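Multiple structures are listed underneath, in C-alpha coordinates.
You will see subunit A twice below: alongside subunit B first, and alongside subunit C after that.
Then we have the complex of A and B:
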(Lines of atoms letter the chains of each structure in order from A and count residues from 1; the text may use other names and numbers.)
(Lines give C-alpha, C1' and ligand atoms only; values in the text may rest on other atoms or scores of the structure.)
Protein backbone atom coordinates (compact mmCIF):
# COMPACT_ATOMS: atom_id res chain seq x y z
CA UNK A 1 0.00 0.00 0.00
CA UNK A 2 1.42 3.41 -0.93
CA UNK A 3 1.56 6.32 1.49
CA UNK A 4 -1.19 8.03 -0.52
CA UNK A 5 -3.43 4.96 -0.24
CA UNK A 6 -2.85 4.75 3.51
CA UNK A 7 -3.66 8.43 3.96
CA UNK A 8 -6.80 7.98 1.84
CA UNK A 9 -7.92 5.16 4.17
CA UNK A 10 -7.38 7.40 7.19
CA UNK A 11 -9.25 10.29 5.55
CA UNK A 12 -12.13 7.97 4.74
CA UNK A 13 -12.21 6.70 8.32
CA UNK A 14 -12.22 10.25 9.68
CA UNK A 15 -14.79 11.33 7.06
CA UNK A 16 -12.43 14.06 5.88
CA UNK A 17 -12.05 15.41 2.35
CA UNK A 18 -9.26 14.02 0.18
CA UNK A 19 -6.04 15.94 0.77
CA UNK A 20 -6.99 16.98 4.31
CA UNK A 21 -4.29 14.93 5.98
CA UNK A 22 -0.54 15.20 5.62
CA UNK A 23 2.06 12.96 7.28
CA UNK A 24 3.00 15.84 9.58
CA UNK A 25 -0.59 16.54 10.66
CA UNK A 26 -0.80 16.50 14.47
CA UNK A 27 -3.56 14.13 15.60
CA UNK A 28 -4.56 16.33 18.54
CA UNK A 29 -5.38 19.08 16.03
CA UNK A 30 -7.98 16.93 14.24
CA UNK A 31 -11.44 17.59 15.68
CA UNK A 32 -12.73 14.24 14.39
CA UNK A 33 -9.98 12.26 16.17
CA UNK A 34 -12.09 11.26 19.18
CA UNK A 35 -12.43 8.06 21.19
CA UNK A 36 -14.87 6.54 18.71
CA UNK A 37 -12.44 7.15 15.86
CA UNK A 38 -9.72 5.45 17.86
CA UNK A 39 -11.91 2.34 17.94
CA UNK A 40 -12.38 2.69 14.18
CA UNK A 41 -8.61 2.89 13.86
CA UNK A 42 -8.16 -0.39 15.75
CA UNK A 43 -10.67 -2.07 13.42
CA UNK A 44 -9.04 -0.51 10.34
CA UNK A 45 -5.56 -1.72 11.30
CA UNK A 46 -6.90 -5.23 11.86
CA UNK A 47 -8.97 -5.38 8.66
CA UNK A 48 -6.66 -3.57 6.23
CA UNK A 49 -3.20 -4.27 7.64
CA UNK A 50 -3.74 -7.43 9.70
CA UNK A 51 -2.13 -5.70 12.69
CA UNK A 52 -3.28 -5.59 16.28
CA UNK A 53 -3.30 -2.08 17.68
CA UNK A 54 -3.56 -1.51 21.41
CA UNK A 55 -4.88 1.47 23.34
CA UNK A 56 -1.36 2.09 24.64
CA UNK A 57 0.04 2.27 21.10
CA UNK A 58 -2.73 4.68 20.09
CA UNK A 59 -1.80 6.98 22.97
CA UNK A 60 1.77 7.08 21.64
CA UNK A 61 0.64 8.28 18.20
CA UNK A 62 1.28 12.00 17.85
CA UNK A 63 1.11 12.59 14.10
CA UNK A 64 -0.35 10.94 11.02
CA UNK A 65 3.18 9.76 10.24
CA UNK A 66 3.17 7.66 13.42
CA UNK A 67 0.09 5.84 12.16
CA UNK A 68 1.61 5.42 8.70
CA UNK A 69 4.72 3.90 10.28
CA UNK A 70 2.56 1.48 12.24
CA UNK A 71 0.72 0.47 9.06
CA UNK A 72 4.10 -0.53 7.62
CA UNK B 1 -48.80 3.76 33.41
CA UNK B 2 -45.30 3.21 32.03
CA UNK B 3 -42.42 4.06 34.36
CA UNK B 4 -38.90 4.39 32.96
CA UNK B 5 -35.68 4.60 34.94
CA UNK B 6 -32.12 4.69 33.67
CA UNK B 7 -28.56 4.07 34.81
CA UNK B 8 -25.21 4.73 33.20
CA UNK B 9 -23.03 1.67 32.80
CA UNK B 10 -19.28 1.23 33.04
CA UNK B 11 -18.81 0.18 29.42
CA UNK B 12 -18.36 3.41 27.47
CA UNK B 13 -21.00 5.09 29.64
CA UNK B 14 -23.85 3.48 27.75
CA UNK B 15 -27.27 3.69 29.33
CA UNK B 16 -29.52 0.87 30.49
CA UNK B 17 -33.24 1.66 30.72
CA UNK B 18 -35.72 -0.27 32.88
CA UNK B 19 -39.41 -0.21 31.99
CA UNK B 20 -42.18 -1.18 34.38
CA UNK B 21 -45.91 -0.65 34.77
CA UNK B 22 -45.54 0.35 38.42
CA UNK B 23 -48.00 -2.38 39.42
CA UNK B 24 -46.54 -5.80 38.69
CA UNK B 25 -43.02 -7.07 39.33
CA UNK B 26 -42.46 -7.37 35.60
CA UNK B 27 -39.70 -5.36 33.98
CA UNK B 28 -38.27 -4.93 30.52
CA UNK B 29 -34.85 -3.48 29.74
CA UNK B 30 -33.61 -1.47 26.80
CA UNK B 31 -29.95 -2.37 26.20
CA UNK B 32 -27.72 -4.18 28.60
CA UNK B 33 -24.24 -2.69 28.36
CA UNK B 34 -23.62 -3.29 32.04
CA UNK B 35 -25.57 -5.77 34.16
CA UNK B 36 -24.62 -4.03 37.42
CA UNK B 37 -26.20 -0.83 36.10
CA UNK B 38 -29.35 -2.77 35.24
CA UNK B 39 -29.41 -4.42 38.65
CA UNK B 40 -29.27 -1.03 40.33
CA UNK B 41 -32.63 -0.26 38.70
CA UNK B 42 -34.39 -3.48 39.68
CA UNK B 43 -36.03 -4.45 42.97
CA UNK B 44 -35.00 -7.81 44.41
CA UNK B 45 -38.26 -9.46 43.38
CA UNK B 46 -38.16 -8.12 39.81
CA UNK B 47 -39.11 -10.43 36.99
CA UNK B 48 -37.17 -9.29 33.93
CA UNK B 49 -39.29 -10.53 31.05
CA UNK B 50 -37.24 -9.19 28.19
CA UNK B 51 -34.42 -7.00 26.95
CA UNK B 52 -34.64 -4.97 23.74
CA UNK B 53 -31.28 -4.34 22.12
CA UNK B 54 -30.94 -1.12 20.11
CA UNK B 55 -27.89 -2.39 18.20
CA UNK B 56 -25.11 -4.91 18.37
CA UNK B 57 -22.14 -2.87 19.56
CA UNK B 58 -20.41 -4.25 22.65
CA UNK B 59 -21.25 -1.28 24.87
CA UNK B 60 -24.97 -2.01 24.52
CA UNK B 61 -24.81 -5.78 24.99
CA UNK B 62 -21.88 -6.45 27.30
CA UNK B 63 -24.01 -7.50 30.28
CA UNK B 64 -26.28 -9.87 28.38
CA UNK B 65 -24.76 -13.13 29.62
CA UNK B 66 -24.94 -12.00 33.25
CA UNK B 67 -28.54 -10.91 32.66
CA UNK B 68 -29.49 -14.31 31.25
CA UNK B 69 -27.74 -16.03 34.16
CA UNK B 70 -29.79 -14.01 36.64
CA UNK B 71 -33.04 -14.12 34.64
CA UNK B 72 -32.95 -17.25 32.43
CA UNK B 73 -36.48 -16.65 31.11
CA UNK B 74 -35.69 -13.13 29.92
CA UNK B 75 -36.36 -12.91 26.17
CA UNK B 76 -33.70 -11.19 24.07
CA UNK B 77 -35.23 -9.05 21.32
CA UNK B 78 -33.02 -7.68 18.54
CA UNK B 79 -32.76 -7.17 14.81
CA UNK B 80 -31.49 -9.99 12.63
CA UNK B 81 -28.17 -8.19 12.09
CA UNK B 82 -27.83 -7.62 15.82
CA UNK B 83 -28.42 -11.32 16.46
CA UNK B 84 -25.42 -12.05 14.25
CA UNK B 85 -23.30 -9.48 16.07
CA UNK B 86 -24.18 -10.98 19.44
CA UNK B 87 -22.51 -14.23 18.40
CA UNK B 88 -19.24 -12.66 17.23
CA UNK B 89 -16.74 -10.68 19.32
CA UNK B 90 -15.33 -9.34 16.06
CA UNK B 91 -18.68 -8.09 14.77
CA UNK B 92 -19.76 -6.59 18.09
CA UNK B 93 -16.28 -4.98 18.39
CA UNK B 94 -15.58 -6.33 21.88
CA UNK B 95 -12.62 -8.26 20.44
CA UNK B 96 -10.88 -5.03 19.46
CA UNK B 97 -11.17 -3.67 22.99
CA UNK B 98 -9.59 -6.72 24.55
CA UNK B 99 -12.84 -7.61 26.32
CA UNK B 100 -14.27 -10.25 23.97
CA UNK B 101 -17.84 -11.32 24.63
CA UNK B 102 -20.35 -13.37 22.71
CA UNK B 103 -23.90 -14.47 23.37
CA UNK B 104 -24.99 -17.77 21.85
CA UNK B 105 -28.50 -18.01 23.29
CA UNK B 106 -31.86 -17.52 21.65
CA UNK B 107 -32.89 -14.21 20.13
CA UNK B 108 -36.37 -13.15 19.10
CA UNK B 109 -35.93 -11.22 15.87
CA UNK B 110 -37.65 -7.87 15.45
CA UNK B 111 -38.31 -6.27 12.07
CA UNK B 112 -39.33 -2.75 11.22
CA UNK B 113 -42.86 -2.14 12.49
CA UNK B 114 -43.04 -5.25 14.72
CA UNK B 115 -45.04 -4.80 17.91
CA UNK B 116 -44.60 -6.51 21.26
CA UNK B 117 -47.07 -6.26 24.12
CA UNK B 118 -45.21 -5.34 27.31
CA UNK B 119 -47.90 -4.58 29.86
CA UNK B 120 -51.66 -4.28 29.89
CA UNK B 121 -52.38 -1.68 27.20
CA UNK B 122 -48.71 -0.84 26.64
CA UNK B 123 -46.99 -2.00 23.46
CA UNK B 124 -43.53 -1.54 22.01
CA UNK B 125 -43.02 -0.84 18.32
CA UNK B 126 -39.66 -1.46 16.66
CA UNK B 127 -38.43 0.95 14.01
CA UNK B 128 -35.44 0.15 11.80
CA UNK B 129 -32.93 3.03 11.81
CA UNK B 130 -29.71 1.90 10.09
CA UNK B 131 -26.80 4.28 9.66
CA UNK B 132 -24.77 4.10 12.85
CA UNK B 133 -24.91 0.37 12.21
CA UNK B 134 -27.15 -1.90 10.10
CA UNK B 135 -28.43 -3.55 13.29
CA UNK B 136 -29.96 -0.36 14.69
CA UNK B 137 -33.53 -0.33 15.95
CA UNK B 138 -35.44 2.38 17.78
CA UNK B 139 -38.32 1.52 20.10
CA UNK B 140 -41.51 3.46 20.70
CA UNK B 141 -43.21 2.67 23.99
CA UNK B 142 -46.05 4.86 25.16
CA UNK B 143 -44.69 8.43 25.07
CA UNK B 144 -41.05 7.33 25.12
CA UNK B 145 -38.73 6.88 22.18
CA UNK B 146 -35.57 4.81 22.69
CA UNK B 147 -33.03 5.63 20.00
CA UNK B 148 -29.78 3.93 21.04
CA UNK B 149 -26.92 5.43 19.07
CA UNK B 150 -29.02 6.02 15.92
CA UNK B 151 -29.07 9.64 16.98
CA UNK B 152 -27.61 11.34 20.01
CA UNK B 153 -28.92 14.90 20.33
CA UNK B 154 -26.15 17.40 19.76
CA UNK B 155 -23.66 14.79 18.59
CA UNK B 156 -22.81 13.75 15.03
CA UNK B 157 -23.95 10.17 14.37
CA UNK B 158 -20.92 7.90 14.37
CA UNK B 159 -20.79 6.19 10.98
CA UNK B 160 -17.13 5.25 10.66
CA UNK B 161 -17.34 1.94 12.45
CA UNK B 162 -17.87 -1.20 10.33
CA UNK B 163 -21.27 -1.19 8.61
CA UNK B 164 -21.86 2.50 9.22
CA UNK B 165 -23.46 4.60 6.48
CA UNK B 166 -23.58 8.37 6.47
CA UNK B 167 -26.46 8.43 3.96
CA UNK B 168 -28.57 5.94 5.92
CA UNK B 169 -27.78 7.78 9.16
CA UNK B 170 -29.12 11.01 7.70
CA UNK B 171 -32.32 9.28 6.58
CA UNK B 172 -32.72 7.66 9.99
CA UNK B 173 -32.14 10.95 11.83
CA UNK B 174 -34.93 12.53 9.78
CA UNK B 175 -37.21 9.61 10.65
CA UNK B 176 -36.28 9.85 14.34
CA UNK B 177 -36.93 13.60 14.48
CA UNK B 178 -40.45 12.96 13.15
CA UNK B 179 -41.05 10.13 15.58
CA UNK B 180 -39.71 12.22 18.46
CA UNK B 181 -42.55 14.72 18.17
CA UNK B 182 -44.14 14.85 21.64
CA UNK B 183 -42.00 11.98 22.95
CA UNK B 184 -39.43 11.69 25.69
CA UNK B 185 -36.28 10.77 23.83
CA UNK B 186 -33.95 8.25 25.45
CA UNK B 187 -30.60 7.90 23.73
CA UNK B 188 -27.89 5.34 24.24
CA UNK B 189 -25.38 7.61 25.93
CA UNK B 190 -27.29 10.43 27.60
CA UNK B 191 -30.10 10.63 30.09
CA UNK B 192 -33.75 10.98 29.19
CA UNK B 193 -34.31 14.18 27.26
CA UNK B 194 -37.40 16.09 26.46
CA UNK B 195 -38.11 16.12 22.74
CA UNK B 196 -37.82 19.89 22.54
CA UNK B 197 -34.19 19.70 23.59
CA UNK B 198 -33.30 18.00 20.31
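Then we have the complex of A and C:
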Protein backbone atom coordinates (compact mmCIF):
# COMPACT_ATOMS: atom_id res chain seq x y z
CA UNK A 1 0.00 0.00 0.00
CA UNK A 2 1.39 3.41 -0.95
CA UNK A 3 1.49 6.36 1.41
CA UNK A 4 -1.27 7.99 -0.63
CA UNK A 5 -3.47 4.91 -0.31
CA UNK A 6 -2.91 4.74 3.43
CA UNK A 7 -3.81 8.41 3.84
CA UNK A 8 -6.91 7.88 1.70
CA UNK A 9 -7.99 5.07 4.05
CA UNK A 10 -7.57 7.35 7.05
CA UNK A 11 -9.44 10.20 5.35
CA UNK A 12 -12.27 7.83 4.53
CA UNK A 13 -12.43 6.62 8.12
CA UNK A 14 -12.47 10.18 9.42
CA UNK A 15 -14.95 11.24 6.70
CA UNK A 16 -12.60 14.00 5.57
CA UNK A 17 -12.22 15.33 2.03
CA UNK A 18 -9.41 13.93 -0.10
CA UNK A 19 -6.21 15.84 0.53
CA UNK A 20 -7.23 16.93 4.02
CA UNK A 21 -4.55 14.91 5.77
CA UNK A 22 -0.79 15.30 5.48
CA UNK A 23 1.81 13.12 7.19
CA UNK A 24 2.70 16.03 9.43
CA UNK A 25 -0.93 16.70 10.49
CA UNK A 26 -1.19 16.69 14.29
CA UNK A 27 -3.92 14.28 15.39
CA UNK A 28 -4.99 16.46 18.32
CA UNK A 29 -5.83 19.19 15.78
CA UNK A 30 -8.37 16.96 13.98
CA UNK A 31 -11.85 17.55 15.44
CA UNK A 32 -13.07 14.18 14.15
CA UNK A 33 -10.30 12.22 15.94
CA UNK A 34 -12.45 11.07 18.87
CA UNK A 35 -12.91 7.83 20.84
CA UNK A 36 -15.08 6.21 18.14
CA UNK A 37 -12.51 6.96 15.44
CA UNK A 38 -9.79 5.50 17.65
CA UNK A 39 -11.83 2.29 18.01
CA UNK A 40 -12.33 2.30 14.23
CA UNK A 41 -8.58 2.66 13.82
CA UNK A 42 -8.05 -0.57 15.80
CA UNK A 43 -10.41 -2.43 13.43
CA UNK A 44 -8.93 -0.76 10.32
CA UNK A 45 -5.39 -1.78 11.23
CA UNK A 46 -6.52 -5.37 11.77
CA UNK A 47 -8.64 -5.57 8.60
CA UNK A 48 -6.38 -3.67 6.20
CA UNK A 49 -2.90 -4.28 7.61
CA UNK A 50 -3.28 -7.45 9.66
CA UNK A 51 -1.80 -5.66 12.66
CA UNK A 52 -3.08 -5.58 16.24
CA UNK A 53 -3.18 -2.03 17.54
CA UNK A 54 -3.42 -1.53 21.30
CA UNK A 55 -4.90 1.37 23.23
CA UNK A 56 -1.45 2.16 24.57
CA UNK A 57 -0.04 2.44 21.05
CA UNK A 58 -2.89 4.78 20.07
CA UNK A 59 -1.97 7.02 22.98
CA UNK A 60 1.53 7.35 21.56
CA UNK A 61 0.33 8.49 18.11
CA UNK A 62 0.92 12.23 17.76
CA UNK A 63 0.78 12.79 14.00
CA UNK A 64 -0.62 11.08 10.90
CA UNK A 65 2.95 9.97 10.16
CA UNK A 66 2.95 7.91 13.37
CA UNK A 67 -0.08 5.99 12.09
CA UNK A 68 1.51 5.58 8.64
CA UNK A 69 4.64 4.19 10.27
CA UNK A 70 2.55 1.68 12.22
CA UNK A 71 0.78 0.61 9.03
CA UNK A 72 4.21 -0.25 7.64
CA UNK B 1 -29.40 -28.78 53.51
CA UNK B 2 -27.75 -27.56 50.34
CA UNK B 3 -30.48 -26.19 48.04
CA UNK B 4 -28.10 -26.16 45.06
CA UNK B 5 -27.08 -29.79 45.29
CA UNK B 6 -25.88 -30.94 41.88
CA UNK B 7 -24.55 -34.34 42.87
CA UNK B 8 -25.27 -37.17 40.43
CA UNK B 9 -25.77 -34.63 37.65
CA UNK B 10 -23.69 -34.06 34.55
CA UNK B 11 -23.39 -30.76 32.71
CA UNK B 12 -21.65 -29.51 29.60
CA UNK B 13 -19.95 -26.14 30.03
CA UNK B 14 -18.60 -24.33 26.97
CA UNK B 15 -15.90 -21.69 27.22
CA UNK B 16 -14.65 -23.54 30.27
CA UNK B 17 -11.01 -22.66 29.70
CA UNK B 18 -11.17 -19.16 31.12
CA UNK B 19 -13.24 -16.45 32.76
CA UNK B 20 -16.88 -17.11 33.63
CA UNK B 21 -16.86 -20.55 31.98
CA UNK B 22 -13.91 -21.64 34.07
CA UNK B 23 -15.51 -20.37 37.26
CA UNK B 24 -18.83 -22.02 36.36
CA UNK B 25 -17.15 -25.40 35.87
CA UNK B 26 -15.40 -25.00 39.21
CA UNK B 27 -18.59 -24.03 41.09
CA UNK B 28 -20.58 -26.88 39.55
CA UNK B 29 -17.91 -29.34 40.67
CA UNK B 30 -18.04 -27.94 44.21
CA UNK B 31 -21.78 -28.66 44.16
CA UNK B 32 -21.06 -32.26 43.25
CA UNK B 33 -21.63 -32.25 39.50
CA UNK B 34 -19.61 -33.97 36.84
CA UNK B 35 -18.63 -31.47 34.18
CA UNK B 36 -17.82 -31.84 30.50
CA UNK B 37 -15.64 -28.83 29.72
CA UNK B 38 -15.32 -27.51 26.18
CA UNK B 39 -12.98 -24.79 24.96
CA UNK B 40 -10.72 -23.92 22.06
CA UNK B 41 -7.77 -23.70 24.41
CA UNK B 42 -6.39 -26.98 25.78
CA UNK B 43 -4.08 -25.16 28.19
CA UNK B 44 -7.07 -23.30 29.60
CA UNK B 45 -8.96 -26.56 30.05
CA UNK B 46 -5.99 -28.09 31.86
CA UNK B 47 -5.93 -25.08 34.16
CA UNK B 48 -9.66 -25.43 34.87
CA UNK B 49 -9.38 -29.15 35.51
CA UNK B 50 -6.76 -28.45 38.17
CA UNK B 51 -9.28 -26.21 39.96
CA UNK B 52 -12.09 -28.77 39.99
CA UNK B 53 -13.34 -30.79 42.90
CA UNK B 54 -14.45 -34.40 42.57
CA UNK B 55 -13.65 -36.83 39.79
CA UNK B 56 -15.08 -37.97 36.47
CA UNK B 57 -14.80 -34.64 34.69
CA UNK B 58 -14.06 -34.54 31.01
CA UNK B 59 -12.18 -31.97 28.88
CA UNK B 60 -12.46 -31.58 25.13
CA UNK B 61 -10.60 -28.98 23.13
CA UNK B 62 -12.82 -28.07 20.19
CA UNK B 63 -13.99 -25.30 17.89
CA UNK B 64 -17.72 -24.79 18.48
CA UNK B 65 -18.03 -22.88 15.22
CA UNK B 66 -16.97 -25.95 13.26
CA UNK B 67 -20.62 -26.84 12.78
CA UNK B 68 -19.90 -29.92 10.66
CA UNK B 69 -17.86 -31.42 13.50
CA UNK B 70 -20.36 -30.71 16.28
CA UNK B 71 -22.57 -33.81 15.78
CA UNK B 72 -19.54 -36.07 16.23
CA UNK B 73 -18.40 -34.07 19.24
CA UNK B 74 -21.78 -34.40 20.96
CA UNK B 75 -21.98 -38.11 20.10
CA UNK B 76 -18.51 -38.69 21.58
CA UNK B 77 -19.45 -36.84 24.75
CA UNK B 78 -22.61 -38.86 25.21
CA UNK B 79 -20.79 -42.13 24.61
CA UNK B 80 -18.53 -41.23 27.51
CA UNK B 81 -21.15 -39.66 29.81
CA UNK B 82 -24.36 -41.52 29.06
CA UNK B 83 -26.84 -38.70 29.46
CA UNK B 84 -26.57 -35.12 30.63
CA UNK B 85 -28.71 -32.94 32.88
CA UNK B 86 -27.84 -29.57 31.48
CA UNK B 87 -25.85 -27.31 29.22
CA UNK B 88 -24.15 -24.01 29.98
CA UNK B 89 -22.97 -21.91 27.07
CA UNK B 90 -20.29 -19.49 28.23
CA UNK B 91 -18.19 -19.46 25.07
CA UNK B 92 -18.32 -16.03 23.57
CA UNK B 93 -16.39 -13.22 21.97
CA UNK B 94 -16.81 -9.49 22.14
CA UNK B 95 -16.17 -6.79 19.58
CA UNK B 96 -15.72 -3.04 19.48
CA UNK B 97 -16.63 -1.68 16.06
CA UNK B 98 -18.15 1.71 15.29
CA UNK B 99 -20.57 2.00 12.38
CA UNK B 100 -18.01 2.98 9.76
CA UNK B 101 -16.10 -0.30 10.09
CA UNK B 102 -19.08 -2.65 10.50
CA UNK B 103 -19.26 -5.47 7.96
CA UNK B 104 -21.56 -8.46 7.55
CA UNK B 105 -18.64 -10.85 7.94
CA UNK B 106 -17.86 -9.37 11.34
CA UNK B 107 -21.41 -10.01 12.46
CA UNK B 108 -21.10 -13.58 11.22
CA UNK B 109 -18.02 -14.26 13.32
CA UNK B 110 -19.60 -12.94 16.53
CA UNK B 111 -22.94 -14.61 15.81
CA UNK B 112 -21.25 -17.96 15.09
CA UNK B 113 -19.60 -18.08 18.51
CA UNK B 114 -22.18 -16.32 20.69
CA UNK B 115 -25.37 -17.55 19.07
CA UNK B 116 -25.27 -20.17 16.31
CA UNK B 117 -22.95 -22.53 18.22
CA UNK B 118 -25.46 -22.41 21.09
CA UNK B 119 -28.34 -23.16 18.73
CA UNK B 120 -26.47 -26.14 17.30
CA UNK B 121 -25.53 -27.47 20.74
CA UNK B 122 -29.09 -27.18 22.03
CA UNK B 123 -30.43 -28.95 18.94
CA UNK B 124 -27.89 -31.78 19.15
CA UNK B 125 -27.66 -32.24 22.92
CA UNK B 126 -31.35 -32.12 23.83
CA UNK B 127 -32.25 -35.24 21.91
CA UNK B 128 -34.24 -37.53 24.21
CA UNK B 129 -31.55 -40.21 24.22
CA UNK B 130 -28.97 -37.65 25.44
CA UNK B 131 -30.71 -35.08 27.66
CA UNK B 132 -32.63 -36.02 30.81
CA UNK B 133 -36.14 -34.64 31.23
CA UNK B 134 -36.25 -32.02 33.97
CA UNK B 135 -32.84 -30.72 32.96
CA UNK B 136 -31.77 -27.13 32.58
CA UNK B 137 -30.01 -24.98 30.01
CA UNK B 138 -28.30 -21.67 30.79
CA UNK B 139 -26.61 -19.34 28.35
CA UNK B 140 -24.57 -16.19 28.83
CA UNK B 141 -26.49 -13.16 27.73
CA UNK B 142 -25.51 -9.65 28.78
CA UNK B 143 -27.09 -6.34 29.64
CA UNK B 144 -25.95 -5.55 26.09
CA UNK B 145 -29.03 -7.51 24.99
CA UNK B 146 -31.31 -4.81 26.37
CA UNK B 147 -29.16 -1.69 26.29
CA UNK B 148 -27.31 0.10 23.54
CA UNK B 149 -23.61 0.88 23.56
CA UNK B 150 -21.47 2.78 21.13
CA UNK B 151 -19.34 0.50 18.96
CA UNK B 152 -20.89 -2.72 20.29
CA UNK B 153 -23.53 -3.48 17.65
CA UNK B 154 -22.26 -6.95 16.84
CA UNK B 155 -22.13 -8.02 20.47
CA UNK B 156 -25.48 -6.44 21.40
CA UNK B 157 -27.25 -8.09 18.45
CA UNK B 158 -25.78 -11.50 19.28
CA UNK B 159 -26.92 -11.32 22.90
CA UNK B 160 -30.40 -10.12 21.97
CA UNK B 161 -30.62 -13.10 19.61
CA UNK B 162 -29.62 -15.40 22.46
CA UNK B 163 -32.43 -14.09 24.68
CA UNK B 164 -35.03 -14.39 21.92
CA UNK B 165 -33.93 -17.99 21.32
CA UNK B 166 -34.13 -18.71 25.06
CA UNK B 167 -37.78 -17.69 25.15
CA UNK B 168 -38.64 -19.90 22.18
CA UNK B 169 -36.72 -22.91 23.49
CA UNK B 170 -38.33 -22.53 26.92
CA UNK B 171 -41.68 -23.16 25.26
CA UNK B 172 -40.50 -25.91 22.92
CA UNK B 173 -38.83 -27.89 25.70
CA UNK B 174 -41.41 -27.26 28.43
CA UNK B 175 -43.19 -30.56 27.74
CA UNK B 176 -40.05 -32.35 28.91
CA UNK B 177 -39.74 -30.02 31.94
CA UNK B 178 -36.47 -28.72 30.55
CA UNK B 179 -35.90 -25.13 31.59
CA UNK B 180 -34.02 -22.61 29.43
CA UNK B 181 -32.72 -19.35 30.84
CA UNK B 182 -29.97 -16.81 30.43
CA UNK B 183 -27.97 -14.63 32.77
CA UNK B 184 -27.35 -10.97 31.97
CA UNK B 185 -24.21 -9.71 33.65
CA UNK B 186 -22.92 -6.19 33.21
CA UNK B 187 -19.21 -5.83 33.81
CA UNK B 188 -17.58 -8.97 35.20
CA UNK B 189 -13.99 -8.90 36.37
CA UNK B 190 -12.52 -11.31 33.84
CA UNK B 191 -9.22 -10.83 31.99
CA UNK B 192 -11.23 -9.88 28.88
CA UNK B 193 -13.15 -7.14 30.73
CA UNK B 194 -9.99 -5.73 32.27
CA UNK B 195 -8.44 -5.50 28.79
CA UNK B 196 -11.56 -3.69 27.56
CA UNK B 197 -11.17 -1.21 30.41
CA UNK B 198 -7.60 -0.52 29.32
CA UNK B 199 -8.73 0.12 25.76
CA UNK B 200 -11.54 2.41 26.97
CA UNK B 201 -9.09 4.42 29.03
CA UNK B 202 -6.68 4.72 26.12
CA UNK B 203 -9.21 5.89 23.53
CA UNK B 204 -11.33 7.96 25.91
CA UNK B 205 -14.44 5.77 25.78
CA UNK B 206 -16.58 5.50 28.90
CA UNK B 207 -16.84 2.43 31.15
CA UNK B 208 -20.04 0.92 32.55
CA UNK B 209 -20.48 2.22 36.08
CA UNK B 210 -22.94 0.40 38.36
CA UNK B 211 -23.88 1.52 41.88
CA UNK B 212 -22.48 -1.72 43.34
CA UNK B 213 -19.56 -1.87 40.94
CA UNK B 214 -18.49 -4.77 38.72
CA UNK B 215 -19.27 -8.40 39.54
CA UNK B 216 -16.85 -11.21 40.25
CA UNK B 217 -17.02 -14.33 38.03
CA UNK B 218 -18.14 -16.47 40.98
CA UNK B 219 -21.33 -14.40 41.30
CA UNK B 220 -22.31 -15.28 37.74
CA UNK B 221 -21.28 -18.91 38.27
CA UNK B 222 -23.36 -19.13 41.46
CA UNK B 223 -26.43 -17.81 39.63
CA UNK B 224 -25.90 -20.36 36.86
CA UNK B 225 -25.60 -23.16 39.44
CA UNK B 226 -28.88 -22.04 40.99
CA UNK B 227 -30.65 -22.10 37.61
CA UNK B 228 -29.27 -25.57 36.90
CA UNK B 229 -30.38 -26.95 40.25
CA UNK B 230 -33.65 -28.44 41.41
CA UNK B 231 -34.06 -25.42 43.72
CA UNK B 232 -36.09 -23.98 40.88
CA UNK B 233 -38.38 -26.01 38.64
CA UNK B 234 -40.52 -23.25 37.16
CA UNK B 235 -38.09 -20.47 36.26
CA UNK B 236 -37.85 -20.66 32.49
CA UNK B 237 -37.68 -18.44 29.44
CA UNK B 238 -36.23 -15.55 31.39
CA UNK B 239 -32.97 -13.79 32.13
CA UNK B 240 -31.45 -12.85 35.46
CA UNK B 241 -29.67 -9.51 35.69
CA UNK B 242 -26.33 -9.45 37.50
CA UNK B 243 -25.54 -5.81 36.97
CA UNK B 244 -24.68 -4.21 40.29
CA UNK B 245 -27.81 -2.12 39.94
CA UNK B 246 -26.61 -0.62 36.67
CA UNK B 247 -30.00 -0.92 34.99
CA UNK B 248 -31.93 0.79 37.79
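Just so it is clear, the second predicted complex is superposed on the first by the 72 of 72 C-alpha atoms of A that agree within 3 Å, B and C clash if a C-alpha of one lies under 4 Å from a C-alpha of the other, contacts with A are read in each partner's own complex, and residues count from 1 in each chain.
Rule of thumb we're sticking to: contacts are C-beta pairs under 8 Å (C-beta built on N, C-alpha and C of every residue); 3 or more make two chains touch, one makes a residue touch a chain.
Owing to the predicted nature of the structure, the values given are computational and were not obtained by experimental measurement.
Novice: Could you check whether subunit B and subunit C clash or fit when both are placed on subunit A?
Specialist: They clash.
Novice: Regarding the shared-chain residue A:69, is it in contact with subunit B (first), subunit C (second), both, or neither?
Specialist: neither
Novice: What is the contact status of A:56 with respect to subunit B (first) and subunit C (second): first, second, both, or neither?
Specialist: Touch partner of A:56: subunit C, not subunit B.
Novice: With the two structures laid over each other on chain A, which partner does A:5 touch: subunit B (first), subunit C (second), both, or neither?
Specialist: neither
Novice: Of subunit B and subunit C, which one contacts the greater number of residues in subunit A?
Specialist: For subunit A, the partner with the higher number of touched residues is C.
Novice: Who does A:42 touch here: subunit B (first), subunit C (second), both, or neither?
Specialist: Both partners, subunit B and subunit C.
Novice: Where along subunit B is the clash with subunit C: 9-17, 135-143 or 171-179?
Specialist: Among 9-17, 135-143 or 171-179, the clash with subunit C belongs to 9-17.
Novice: Intersection of subunit A residues contacting subunit B with those contacting subunit C?
Specialist: After superposing on chain A, subunit A residues 13, 15, 36-37, 39-40, 42-43, 47, 54-55 contact both subunit B and subunit C.
Novice: Please give the residue numbers of subunit A that touch subunit B in the complex, ascending.
Specialist: Interface residues on the subunit A side: 13-15, 36-37, 39-40, 42-43, 46-47, 54-55.
Novice: Enumerate the contact residues on subunit C facing subunit A in the complex.
Specialist: 96-98, 100-101, 150-151, 198-205
Novice: Over in the complex, which subunit A residues touch subunit C? Could you list them?
Specialist: Residue list for subunit A touching subunit C: 13, 15, 34-40, 42-44, 47, 54-56, 58-59.
Novice: Considering only the defined contacts, which subunit B positions touch subunit A in the complex?
Specialist: The contact residues of subunit B facing subunit A are 93, 96-98, 158-162, 166.
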